[in-house]
Amino acid sequence: MIELQSASVHFGTVAALKDVSFALSRGDRVALVGANGSGKSTLLRAMHGLVPLAAGRRVVGEVPSPRVAMVFQHPFMLRTSTLSNVELGLVLQRMPKAQRRERAMRALERVGLAAEAGRIARVLSAGQQQRAALARAWAVQPDVLLLDEPTASLDPTAKREVENLIAEFSAQGITMIMSSHNLGQVKRLADRVLYLEHGRVLADVSSEHFFSGPLPDEATLFLKGELPWV
Amino acid sequence: MGLIRAGRRMLLLSLLAVIAFAAHAQQRSIVVASTTSTEQSGLFSHLLPAFTKASGITVKVVAVGTGQALDIGRRGDADVVFVHDQAAEEKFVAEGFGLQRLPVMFNDFVIVGPIDDPAGVKGRDVAEAMRKLAASKSSFISRGDKSGTHAAELRYWKAAGIDAPAAKWAGYKECGCGMGPALNMGSSTDAYVLTDRGTWLSFKNRGRLAVLVEGDTRLFNQYGVIVVNPARHPHVKTEWAKAFADWLVSAPGQGTIAAYKVGGEQLFFPNASTR
Amino acid sequence: MNEFAESAIRAVELVASGDPELLRIVGLSFAVSATATITSTTFGLFAGAALAVWRFTGREGVIVLLNTLLALPSVVVGLVIYMLLSRAGPLGSFGILFTPAAMVIAQSFLVAPIVAALTRQAVEDALRDHGEQLRSLGASPFECALIIAWDERIALLTVALVAFGRAISEVGAVMMVGGNIAGVTRVMTTAIALETSKGDLPLALGLGMVLLFVVLLLNVLIGALRGWRLSGDQRRGVVA
C-alpha cells in the first residue's frame, strides 16, 4: 500500500534514516524494533509522509490516497471534551456535524470511553488518553494505522488495556505498523518484524523467524539484551 | 473551524462600529482650529452654546498651539481658524489659505513671577521688565512652540533689544509646551512666565506666582478669525464657517464675548468694528 | 500626600456624582479602545498564526520588524495616521479626521503588533511541541496554527487584555487624530492631559483613578465570567 524506496531522512546533519527500502502490503501487521535512536519513529513518519525525504521515494500502491492515522507515545489532547478531541480528524475532513458526532461516539464506545465523552480530555488518566487517541485514529477509518511506542509511558494495567484494543484492531485486519520496545507485545501483535540500527533496516523477516531463526549478529545481540533467556 | 467563524464575526462587528462612529460625525457642524489658551480660558464653553442655539450649527474645536492651528487650516482639516498672531494670520490669508481676517477681540498678556520678585520687574513697562529679566539672568519659562503667546514673547524681547533664544542664559527654559504646562513649570520652579490673562485666571496651580507686569498697551493680544479658503479646499463648509465668523463679529457674538467673566473679571474685550 | 488625598476624594466625588460629561468620556474611551482591540485582535491573531507556520524568505526580518513595532510610540502612530487622514493626505476625502473613527483606526494600528507578536510566539512554541500530531490527522500547516491558537485561547485572552490596556491608556495617538474635541473626541486620557495642562492636578489624578477603577471592574467581570465557565465544567463532571 505504501512503499519506501531507498529513502533517507536527514534532521540537520544527522541521518535518521539511511537508504531504507520497505514495502507495506494490505493486512500486514508490522513491528519495528531497535534501540533508541535507531530510526523507528522516523520510519513511521516517513511512511505517513510527515517528514521530507532527503533521498529516495515514497510510493503509494493499491489505494491511490491511503488514509493514514498515527498514534503517538504521548497523545496530544486539546483543551476540550474527549468527544471533540476524537472528532478532530473528522472536522478536518469537513464531515457534517451530525455524522461526525455519531462516528466519534462509536469510536469512543469501541475503546470503552463512551462514558467520558463529555469530560475534558486532559483530566483523563494516561491510559484513557491513549485510548482516546486510538479512538481518534480509528474514527477517521484509516487504511493504515501507525503506532509509535503506544504503551511505553503507561502503567501495566493501562498497557494491557491499550494492547488489547490494538490486538482487536489488528484481528479485524487493519494494516498497521507499530514500533515497540516490548518484545512480548511484538510477539503477540505482529506477523512481520523489522530490526533497525543506526537508521538502517538490518532485518525484515516474519515474526516466527525473528524469534527463532538465524538473524544478523546485531539483531541477535539486541534480542539477547531484551530477552535474557534466548 | 470555530475560530474562523468567530474571527469573521469579530471583523464584521468592528467594521460596523467604525462605520457607526464615522456616520455619527456627519451632522450640521464645523471644525474650528483654535488655541489652547482660548480653550483653557473656558471661553468656548460659554461662547459656543450661544452660537449653536442661534444657528443650529455645532462647533467642534480642536485646540492646539497657534502654529499647529494654522497648519491644520492649511491642510484643510478645519473650516475656520481662530488664533491670536496677527502677522501669522495675515500671512495665512496672503498665501491664499484663508478668505479674510476679521478681528474679533483682544485680551492681554501679563508677566507672572514669584511674589517676592527677585528681578524687580514689577510695573507697567514690558520692555523694561524683559531687560531686567535678562540682566538678572532670572528663571524664565518660554513656551517655545510657535504659539501666539510665544510669538508675542519674542516681540517683547526684541523691543527690549535682547535676542533671548540666542543669548540663552541658564535660567531661560523653552518647554515646547502649552500655557498650562508652562505655568505648572513656573509655579514649581519659582520662575517668571509670560501668560495670557485668561489662562492665568482659570489656572489653579499658582504656587507662589502672582501678576507682576500688566497694563502696557504692547501687552494687548489681538484675536482674529479666518474662514479657510474653499478655493484651496473645496470640501470646506463655507456657508456654516462664514456664519460662525460673522456671528463672532456681530453684536450678539461680541456681547457674548464681553459677558464672559471668571471670578467677576472680564477676560476678553470685543473689538470687531474698531480694527 | 495632601494632593494625593485630595485626588482620591475627587475621584470618589466624580464616580458618585454620575456627571453626564464624565460618563460620556468614560463611555467613549471604552467604545474606542474596545473596538480597536476587537479589530486588531482579529487581524493580529490570524497574522500571528500565519507567521508561525509560513516559511518564506525574509521571515526572520519580518519577525524582527514586528517585535520592534511593539515599542511603537503612540504619538508616532498618531502622527502617521493624522498625515494619512488629513485632507492634505491620501485618505483625506473620507473626512474621518477628528472623529472617533480615526481614533479607533489609530489605536488598532498601535496594538495590532502586540497581538501578532505574542500570538506568533505562543503558537510557534505550541506548534513545535504538538504540530506533528495535528498534521498526522490531516491538518494543513495553517489549520494547525489555527487549532493551536484556539487551544491556547486563555493565553490569547490575556493578550487581548494587554492590547486593550495599551489602547485605553494611550494618549498620543487619540490626541493627534481625535483633537480632544469636547463632547466628540474627548476620552479619559486626553481629559487627564487637558486638566493637567490647566493646572488642576487633583482633578487630573482623580480622573486617572476613575479610569483605573473602571478597567478594574472590567477585569473583575472577565474573571467572573471565566469562573462561571469553569464551574460549568465542574458541573459536567470535570475537575479541572
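Details
Labels for the chains are A, B and C, by order of writing; each one numbers its residues from 1.
The rule is short, and it goes like this: a contact is a pair of C-beta atoms (placed from the backbone, for glycine too) under 8 Å apart; a residue touches a chain by one contact, two chains touch by 3 or more.
What you see is a predicted model; the values in this text were computed from it and never measured.
Steps from chain A to chain B, minimised over paths through touching chains, total 2.
Relative to the centroid of all protein Cα atoms, the closest per-chain Cα centroid is that of C. Simply put, of A-C and B-C, more C-beta pairs touch at B-C. Using mean Cα coordinates as chain centres, the one most removed from chain B is A. Chain B has its Cα centroid 77 Å from the Cα centroid of chain A. Chain C has its Cα centroid 46 Å from the Cα centroid of chain A.
Chain C has its Cα centroid 33 Å from the Cα centroid of chain B. Counting partner chains per residue, chain B has residues 1 touching two or more of them. For chain C, the set of residues that touch two or more other chains comprises 143, 147, 150. Remark: chain C residues 129-130, 132-139, 143, 147, 150-151, 153-154, 233, 236-240 touch chain A in the complex.
Chain A makes touch with chain C in their complex at residues 45, 48, 50, 68-70, 72, 75-76, 78-80, 88-89, 92-93, 118-120, 123, 136, 140. The part of chain C that touches chain B in the complex is made up of residues 31-32, 35, 38-39, 41-43, 45-46, 86-89, 92-101, 104-105, 143, 146-147, 149-150, 179-182, 184, 194, 196-201.
For chain B in complex with chain C, the residues that touch the partner chain are 1-4, 7, 10-11, 13-15, 17-19, 21-22, 24-26, 31, 36, 40, 44-45, 60-64, 74-77, 177-181, 183-184, 187, 202-206, 233, 235.
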